[in-house]
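In this document, chain identifiers A, B and C correspond to the written order of the chains, with residue numbering beginning at 1 in each.
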Amino acid sequence: MSFLRDALLVAGKDLRIERRSRVALQQIVPFGGVVVLLFAFALDSDRTLLHQAAPGLFWAAVLLAVVLAVGRSFAIEEANRARDGLRLSGLDGGSIFLGKAAAVAVELFLLEVIVGAAVVVLYDVSVRGVVVLLCAAVAATVGLAATGTVYGVLAGGLRARETLVPLLVLPAVTPVMLGATRSFQAALDGVPGDAWPWVQLLAAFAVLAVAAGTVAFGPLLEEA
Amino acid sequence: MLGRFPALAGANLEVETGEVVLLSGPNGAGKTTLLRLCAGLLALRAGEAEVLGVNLAVEPRRVRRAVALVGHETFCYDDLTVAENIRFVARSTGRRAADADDALERVGLQRVAHTAHGRLSQGQRRRLSLANALVRKPRLLLLDEPHAGLDEHGRAVLADIVRSTPAEGGTVILASHELDLARRLATREVRIVAGQVHAATAAAPTAAPVVAEVEARA
Amino acid sequence: MKRLFLAVTVVALAVTAVFALWITPPRADQGFDAVRLLYLHAPTAWIAYLAFGVTALASLLWLLPRTRGTTWDLLAGASAEVGVVFTGLTLVLGSLWGRPTWGTWWEWDARLTTTAILFFLYLGYLALRRTGTTADERGKRSAIAALIAFADVPVSYLSVTWWQTLHQQGTVFNERLSVKIDGSMAFTLVAAVVSFTLLYGYLVLERFELAQLEEGREARELERAIADRVQAEHVEVAPV
């Protein structure tokens, strides 16, 4: 199917750029680490408090990183007017969206693994319910990457887009923040049964965000 | 449109297959806008534009697949190499990797094929832009100030590409301030002032099909 | 016409105020006079939702090719602006009311929290509108943003409800409601909703007309700029 092949082409392009420039690995991941560290200072490195709040703090750090990852994803299209090149390629807007969102999702997933490891060590968390954790993380990450990518192109080319994207993205992903935090909490508390409704909510959000982005991305990439 | 300014207010242009049309005129006259319009990058707010028999307002993506634009920027990614950039262009427009290599050779960039785009000189970037256009095998080649930043050899390559395009059934529209060089390539000159077509050397009436027809209104 | 509209709105608000402040009874279980905040809090919340509904509808009409027009874009913007103000008022009033009744300024209940999210979603929408681009570009981007925000609200509400529910369910029709509505209270509440809806209509109308004037001024400046440029360059190139 050419739609998916084109999406893979765009995702491959973005990930190759990331592999060369290492902005996600050397800037966005360390940023997530610093946030995790700062939360510990804010809570006065209280072991029980940190342990309890770990899922929420982890996802708050991920949400902040989403803003950076999306900013980077569209910064590479601004340089040399690469965005015009994408438009001239005649690729379908939906496939460009899927490609860019997939690349952001891969980067976020990498970040979640590394920042997650830091949280386990620093906040004294014992990992339980791996299947639930994984499902919730995948669904949440897809939802975050898709929402971020829609708002990234929505603010693309505008002045003050760097400050606009966080204001647009963060309130919109409240359901992901709640769903991911609650399902992680349930899994870590050893009651994975409580997590499934939340995982379903995350999955529904992800499906909606991907659908909305696939439809809206093409028109948003155009100049009126 | 450049910002809030309708750059083309009352421009009429008709280009036939096989022509090499030179757009001349002062800075800010609307030459770049006209080229971007023909490439399907801009929507006309009033008036009509038909490129390669396709109405731009209806099917801009079909136009984009069939034309190539060499603009002020390369549309490339700084962190990718020259070869990676042009292969991305080739694959996203349905061409083969071999076409990409041929195009690089034709503009003389095979030596820097594995250099990152961000490290290229201005002249090398212009050549890469040309190669990116060639790899698309366009029926309409749009060149915006193609002479800028090119050395002697580069200009020879450019001249070769422009001259051989009509022979291969293509058409060229170029905008340039290097009038001496550009006039040697062009079969017709169209002067644009304040978004309006002025003092065009009349096209010799031929039976060739019309490639591009732009009628912009304010 | 507009003056009449304004006059009717002012009278309606005055009647509501008289009823709310003097005629309806105070309530011991709601901190006596604090219950009167109901007549402000409920209608402002209603206006907030109404305003964002109008914004979504106008955005949809802009996006449909058949009905596309600057009017819908300007109406969407005007309504969202009024909506954000009323959402802010709802939050402040709710907070003030929460203090005597719940004993706290803020409850993390579903409705209050969703309203806060709503406030920030539409602040972002208004910021997006002010980024200064062409009218068509602004129309397209803000219409899509408005629809995404509108679709996000029920999902947010659902997630926040699951997360925590403390707030009283429903307003008037819930049997467990602690505020027993008597005759004068019901009338005042209806009067408040009607008069605030009138106020909303008036404010949107004013804001919409102002936006139209702004657009018109820009169009005139544009025409003048084109005329100047054509004239200047004709003189310059005449000898050629």
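Definition applied: contacts are C-beta pairs under 8 Å (C-beta built on N, C-alpha and C of every residue); 3 or more make two chains touch, one makes a residue touch a chain.
Since this is a predicted model, take the numbers as computed values, not measurements.
The innermost chain, defined by the distance from its C-alpha mean to the mean of all protein C-alpha atoms, is A.
Using the average of C-alpha coordinates as each chain's centre, B ends up farthest from chain A.
One inter-chain figure worth recording: chain A and chain B are separated by 38 Å, centre to centre, where each centre is the mean of the chain's CA atoms. Note on chain placement: the centre of chain B and the centre of chain C lie 48 Å apart, centres being C-alpha means. Between the CA-based centres of chain A and chain C the separation comes to 31 Å, rounded to the whole angstrom.
For chain B, the set of residues touching two or more other chains reads 1. Residues of chain C in contact with two or more other chains: 134, 136.
In chain A, the residues that reach two or more other chains under the touch definition are 223-224.
Residues of chain C that touch chain A in their complex: 117, 120-121, 123-124, 127-128, 131-134, 136-137, 139-141, 144-145, 148-149, 151-152, 155-156, 158-160, 162-163. The touching residues of chain A, counted against chain C in their complex, run 150, 154-155, 158-161, 164, 167-168, 170-172, 174-175, 178-179, 182, 197-198, 201, 204-205, 208, 212, 216, 219-220, 223-224.
Note for the complex: chain B touches chain A at residues 1, 39-43, 60-62, 64-65, 67-69, 71, 73-80, 84, 88-89, 91-93, 116-117, 132. Across the complex, chain B is touched by residues 6, 9-10, 13, 16-17, 20-21, 76, 79-82, 84-92, 222-224 of chain A.
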